[in-house]
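Labels A, B, C and D are assigned to the chains in the order they are written; within every chain, residues are numbered from 1.
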Amino acid sequence: MLTMPIPEYLHEILDDVRDTTSGELADYIPELKSADPNPLAVALCTVNGHIYSAGDDDIEFTMQSISKPFAYALALQECGFDEVSASVALEPSGEAFNELSLDGENRPMNPMINAGAIAINQLINGSDSTVEDRVEKIRHYFSELAGRELTIDRVLAESELAGADRNLSIAHMLRNYGVIEDEAHDAVLSYTLQCAIKVTTRDLAVMTATLAAGGTHPITGKKLLDARVCRLTLSVMASAGMYDEAGQWLSTVGIPAKSGVAGGLIGILPGQLGIATFSPRLNPKGNSVRGVKIFKQLSDDMGLHLMSTEQVSGHAVRSITRDGDTTFIQMQGAMNFSASESFLHAIVEHNFEGTEVVLDLTRVLSFHPVAIRMIKEGLKRIRDAGFEVFILDPDDVLPDFMFSDGTICKERV
Amino acid sequence: MLTMPIPEYLHEILDDVRDTTSGELADYIPELKSADPNPLAVALCTVNGHIYSAGDDDIEFTMQSISKPFAYALALQECGFDEVSASVALEPSGEAFNELSLDGENRPMNPMINAGAIAINQLINGSDSTVEDRVEKIRHYFSELAGRELTIDRVLAESELAGADRNLSIAHMLRNYGVIEDEAHDAVLSYTLQCAIKVTTRDLAVMTATLAAGGTHPITGKKLLDARVCRLTLSVMASAGMYDEAGQWLSTVGIPAKSGVAGGLIGILPGQLGIATFSPRLNPKGNSVRGVKIFKQLSDDMGLHLMSTEQVSGHAVRSITRDGDTTFIQMQGAMNFSASESFLHAIVEHNFEGTEVVLDLTRVLSFHPVAIRMIKEGLKRIRDAGFEVFILDPDDVLPDFMFSDGTICKERV
Amino acid sequence: MLTMPIPEYLHEILDDVRDTTSGELADYIPELKSADPNPLAVALCTVNGHIYSAGDDDIEFTMQSISKPFAYALALQECGFDEVSASVALEPSGEAFNELSLDGENRPMNPMINAGAIAINQLINGSDSTVEDRVEKIRHYFSELAGRELTIDRVLAESELAGADRNLSIAHMLRNYGVIEDEAHDAVLSYTLQCAIKVTTRDLAVMTATLAAGGTHPITGKKLLDARVCRLTLSVMASAGMYDEAGQWLSTVGIPAKSGVAGGLIGILPGQLGIATFSPRLNPKGNSVRGVKIFKQLSDDMGLHLMSTEQVSGHAVRSITRDGDTTFIQMQGAMNFSASESFLHAIVEHNFEGTEVVLDLTRVLSFHPVAIRMIKEGLKRIRDAGFEVFILDPDDVLPDFMFSDGTICKERV
Amino acid sequence: MLTMPIPEYLHEILDDVRDTTSGELADYIPELKSADPNPLAVALCTVNGHIYSAGDDDIEFTMQSISKPFAYALALQECGFDEVSASVALEPSGEAFNELSLDGENRPMNPMINAGAIAINQLINGSDSTVEDRVEKIRHYFSELAGRELTIDRVLAESELAGADRNLSIAHMLRNYGVIEDEAHDAVLSYTLQCAIKVTTRDLAVMTATLAAGGTHPITGKKLLDARVCRLTLSVMASAGMYDEAGQWLSTVGIPAKSGVAGGLIGILPGQLGIATFSPRLNPKGNSVRGVKIFKQLSDDMGLHLMSTEQVSGHAVRSITRDGDTTFIQMQGAMNFSASESFLHAIVEHNFEGTEVVLDLTRVLSFHPVAIRMIKEGLKRIRDAGFEVFILDPDDVLPDFMFSDGTICKERV
């Protein structure tokens, strides 16, 4: 029986950072201040649902600000982009403690700061929802993302509420500007309970993998979010997730991310995987010290930078060959804009002879909608040039065989 | 002879926006104010060097702020990240006209605003370079990126210098804080000449494609920049390229971009393509009105959003089959972290029998370094489990056949 | 029977501004929005207790922000400058609605903005006071200043509390930073009741005259505040009383002032008089439109500018004459530093002859403490030079007749 | 021969602060950095031209920022308030080094910061003046204020210009916004030469005394400035003279002031005196450490606080007596608004009998214009009530004897 090297690698990373004991526990809630500072965990979950983890990956802690991107996604799914944008802007913002971070229209600057997150929370389940119904809606949805029933740490929430002056200040100002309508106390209660949902590092990896996968749960296969919602959520994590280090983080780590004061940190590579770490000691900016280190190492070692240009697409057109009167065009890889452009480029350059053309999709992995349109347009042009066109698609990667003009293309079997 | 539909599509996009005549010409330089407002062009260049364009794609105009990301890349290439970061920070920043946008350490906030760009310009060719030598270095490098000899509009530069009080103000303040050492006048002269380099929309598409391709020129194949330099340049374009609309742009368009007051606008999809548009009328934020429209449509129609999750990697492991004592593992597509994870996952799950294992790379397009390491580690584990391991690599996509422990793997031919 | 021209003058001023109907009623409280916009009044009260008024000088309205300087004075009187300064800073500050105006130490910028005024209110009657006790303390003290029992408009206060989100936001933030300890709701309740104390324009003139008079009530003669408290209160009105117009107001009107959203406006000339106006329509900065006009005219017509240099002190030394062996030094006017300097200058220049010197205070109006010290020092030097010194003080303006060395000077009757 | 105690008092103050050696010399100009840190001086000059000084009162140093209020006064005198206000605003402003302190209309915030002072300098002698002519105009005017020919330290100015990047930055930005039209270099040269005018502490005391005296030189008696110009200059010193300590300074010292980096510090009490100190070591805010101490002590000891309410006007109406058919009203002191109000109040309350009324001005020191108007109005009403009115004015303090209706009042001799 072979062993999997990825967990070993994750263990190595944990070992590298384990001795780092700098940073401080969050001190504004007694429950956080008295937490065990030592737990350390990392977990990855691919869009295919493979989970790898190391360390204390089953210790539960509260999501805190990590709940923000998931609540934002839920609000977008429920209300749509326009309604959400009317309440909360999308611009980067430091989160200075004695400012409110509202923009010129008195909207919170973005959904990743407290002002924005409180406003987003209020959008969920309708503005006339009770606090309990709204929180249950969120808890239920987060549970679906995690693939298990999550619970709320109500003792911690209670404790947090006792010292929630900053959030109450924000909620009253949001009410003052008409951004929220609910009572300030209820708005903060609702947001605080959202923050107090308990997760493990593995839970977070699974939850983020759903965002990475365009909304399809990597394990249950259930479609939980629209692809556009995921795209918007990742975008705002990229531009505003790491507070006033957003630009530095995007340059050096390159993974859209969000941290929570309980010590969690999540990151997402679109189309690839979700990442989560847990280590409670925080740097002065409120991010987990060891979590940040792990992310930097993962980005460096694994080529997980969003702006990585190294995966230059290979040749989507593997070959164009002729056998008698038949020309075979063999495609390979994932068909996106670039790949379909390669196809079009190749057929325009090619001097077709004979009477028929076969598009061989045997080595094709997937089709982006734009690629379907572009490749069908190319096939139509070949046909219009007088050739009979066939498609060879043994794995059924192409959803239908219509040309761009609606006529049907023949299948080659 | 087939015709290529992409230029037709680009013509359609131009037709859609052609009637939009809102916006104003930049008015602070007579030459810009008196420019023809009507030209309209778009061009794409893939990392493979295929260029598509429509409209007035051969009209020359000055780069202006579009020069910033290329100069930043050149400075990174010459001086390295640490030296560049010592001069210029990486955080998003509005570009309010009556502020200087310096951070707490009196560094310009990022290389995409004038203060940062003037400081970056000074790093090129060494701080003791003459203005002419520095500008020639930049012009020469930009020409290499464009694939033709670019020239400088010295008349326009002269005119711009006559009213360059804002940049002179910035340059003196940078001198005041020791960010630059050169004479303020020379620094502004040098930067203004950089901005006055003339390009066509096609030139810009080719230049950006080099950044998309990790530094390899898409046509000449010449390696002009390190992949890391490209990654950093794209990152800062994403976080700061569109001034105070950065967050909104990243969410809704999702293409790292930069605009210039002469009417140019560029965007880059890492690993895929470079995009450029030209239309001189500007919106109040200083971005080309029609250029912005074209980018939004390209992003929507072509699935070119950076956070797109729709191209979920297909199954990197196409099949595991056994023929007598030999097990064949057939891989497909581009081998990145996700793909190699799929490989490891598959071999760990698989119950190997027989005596030998063949890794079939026939359908593999490319290898990211992390994938090479991970797959070799997997092969070593198979070998250590008692199997003889072979690699079938007819297209030589794997650079060498060493296991992760340095021993040599056999090739199956 | 003669008639007094001052009220006539005040009537003329009111007539001049009566037709000005620009401006809007404050709209954030229904009671203010539905108020009668037409009332117009002006009142002056001298430090000697002479009151002049015109217009609707007996209509009651709520003090609102006009309560701030009086509450500040009360807090200073109760707690001292050091304790008050620990809570609230003294620097000018705009009062942008979506900022909190805290300084680098998280103290409110000054006592004239809401954040500062809420913090000041909490200092009164001790931090463990009930709301009702604190408010009664304030009402009682304001009543003493006004010279009649003032009442609180509790209906308006109730209405204001229903929409007090902005102040609640501020109170929670003050609690967050430890500036106040009371419950946010109670702090805002307490401050709102303070603002809802009802006064007439005449009341305000009398109240401000007490501050002008160094704390002695101009009518009852009761000493209500220390001179230093009055000095500090006037200072902060001068630097921060008119929000972000403070500099412009100080230059062009030159009267320390404070406005309230119910339409009141007060001003103080130290040592001279208190001024109050009432007209409910406000300009965009929240100051009474007609009130501002009246103040400008009063300042221009009556030479009431704080920086007025026109009242150059006359010759404090009226004459030095000799009658036989006796030299008479006749002083005149108010004896301050400048006057006593004149005295010293004169005696040093004078060539005394004979055997005795008489200081004639018959025409002296008053003595500042520094003048007492300086003049006594001068007398001692005359005595030390061998002359017998007498003081002629028929009106007893000099409190005692000791030389600066403690020996007693003789009185000349 | 008597000795004057004021210089002794000043010596005592110097002795008290002499041992304070904290603070640092300004280090941005070699000439300032290498200056002798030890000189210590204080000087007062009354509006009557009496000068008192102690310490190194004849050492020359450059005015630097102390030149700002005098240049502002000159610009006001030459161009008027409206033209000056079009260029420079009047609001308080910190002087953060990496901001430009422009307001929403791109005007410098006030004339006491460098941006404002450079703009003010440009207004003097017309915008088409040569630098040398403008500087000579300023030097000449400053010399008139000082009462001797001042010279410019051109070596120091030269040295300052070599590192004048901050001012050049400001000048270019002012040009950018059209606040100034001259070449940036010339504007900074002109301003730098203004700052390099050399004065002694005694010079400064005399110069400030002119502002205190409403524009009349205390020694030469020459009218150099309008009273209104002085009032505006003092106002802006009060609100913006001490940078971001303006509010604190106004509260605790209460003397409109301005400091210079060469170690000078000036203050003005309107109508009373000018004060100057010199000690080169600066606190972190750029104000002379010992100078600040001296001002605090002078304010405390001498009652020189602008908001002092202690000099409550005495009884302006000394007595009303009747001798047969004649009623004598004896006035005393300086006749300002308050005094004339007392007069009006008294005559209205008084039950006149007999046939004639004599206004006795024998003890009156001076008349403010408003007092002239008000008292004449009162006299007219007495006359209209049927009495014959006479004025007794042996010292000619009243300029003419017309009633408020233009008819002539009789003089009683």
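Note that a contact is a pair of C-beta atoms (placed from the backbone, for glycine too) under 8 Å apart; a residue touches a chain by one contact, two chains touch by 3 or more.
Please read these numbers as outputs of a predicted model, since none were measured by experiment.
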{"item": "Neighbouring chains common to chain B and chain D, by label", "value": "none"}
{"item": "Centre-of-Cα separation between chain D and chain C, whole angstrom", "value": "22"}
{"item": "Computed distance of Cα centres, chain C from chain A, in Å", "value": "62"}
{"item": "Separation of mean Cα positions, chain C and chain B [Å, integer]", "value": "65"}
{"item": "In chain D, residues with contacts to at least two other chains", "value": "none"}
{"item": "Overall pattern in which the protein chains touch one another (line/ring/star/complete/other)", "value": "ring"}
{"item": "Which pairs of chains touch, using the document's own definition", "value": "A-B, A-C, B-D, C-D"}
{"item": "Residue numbers on chain C that touch chain A, as the complex places them", "value": "98-100, 102, 106, 165-166, 168-173, 175-177, 184"}
{"item": "Complex contact set, residues of chain A against chain B", "value": "1-6, 46-48, 50, 89-92, 110, 211-215, 227, 230-232, 234-236, 238-240, 244-248, 250-251, 254, 256, 270-273, 301-315, 332-334, 336-338, 341-342, 344-345, 347-348, 350, 352, 363, 365-366, 368-370, 374, 377-378, 381-382, 385"}
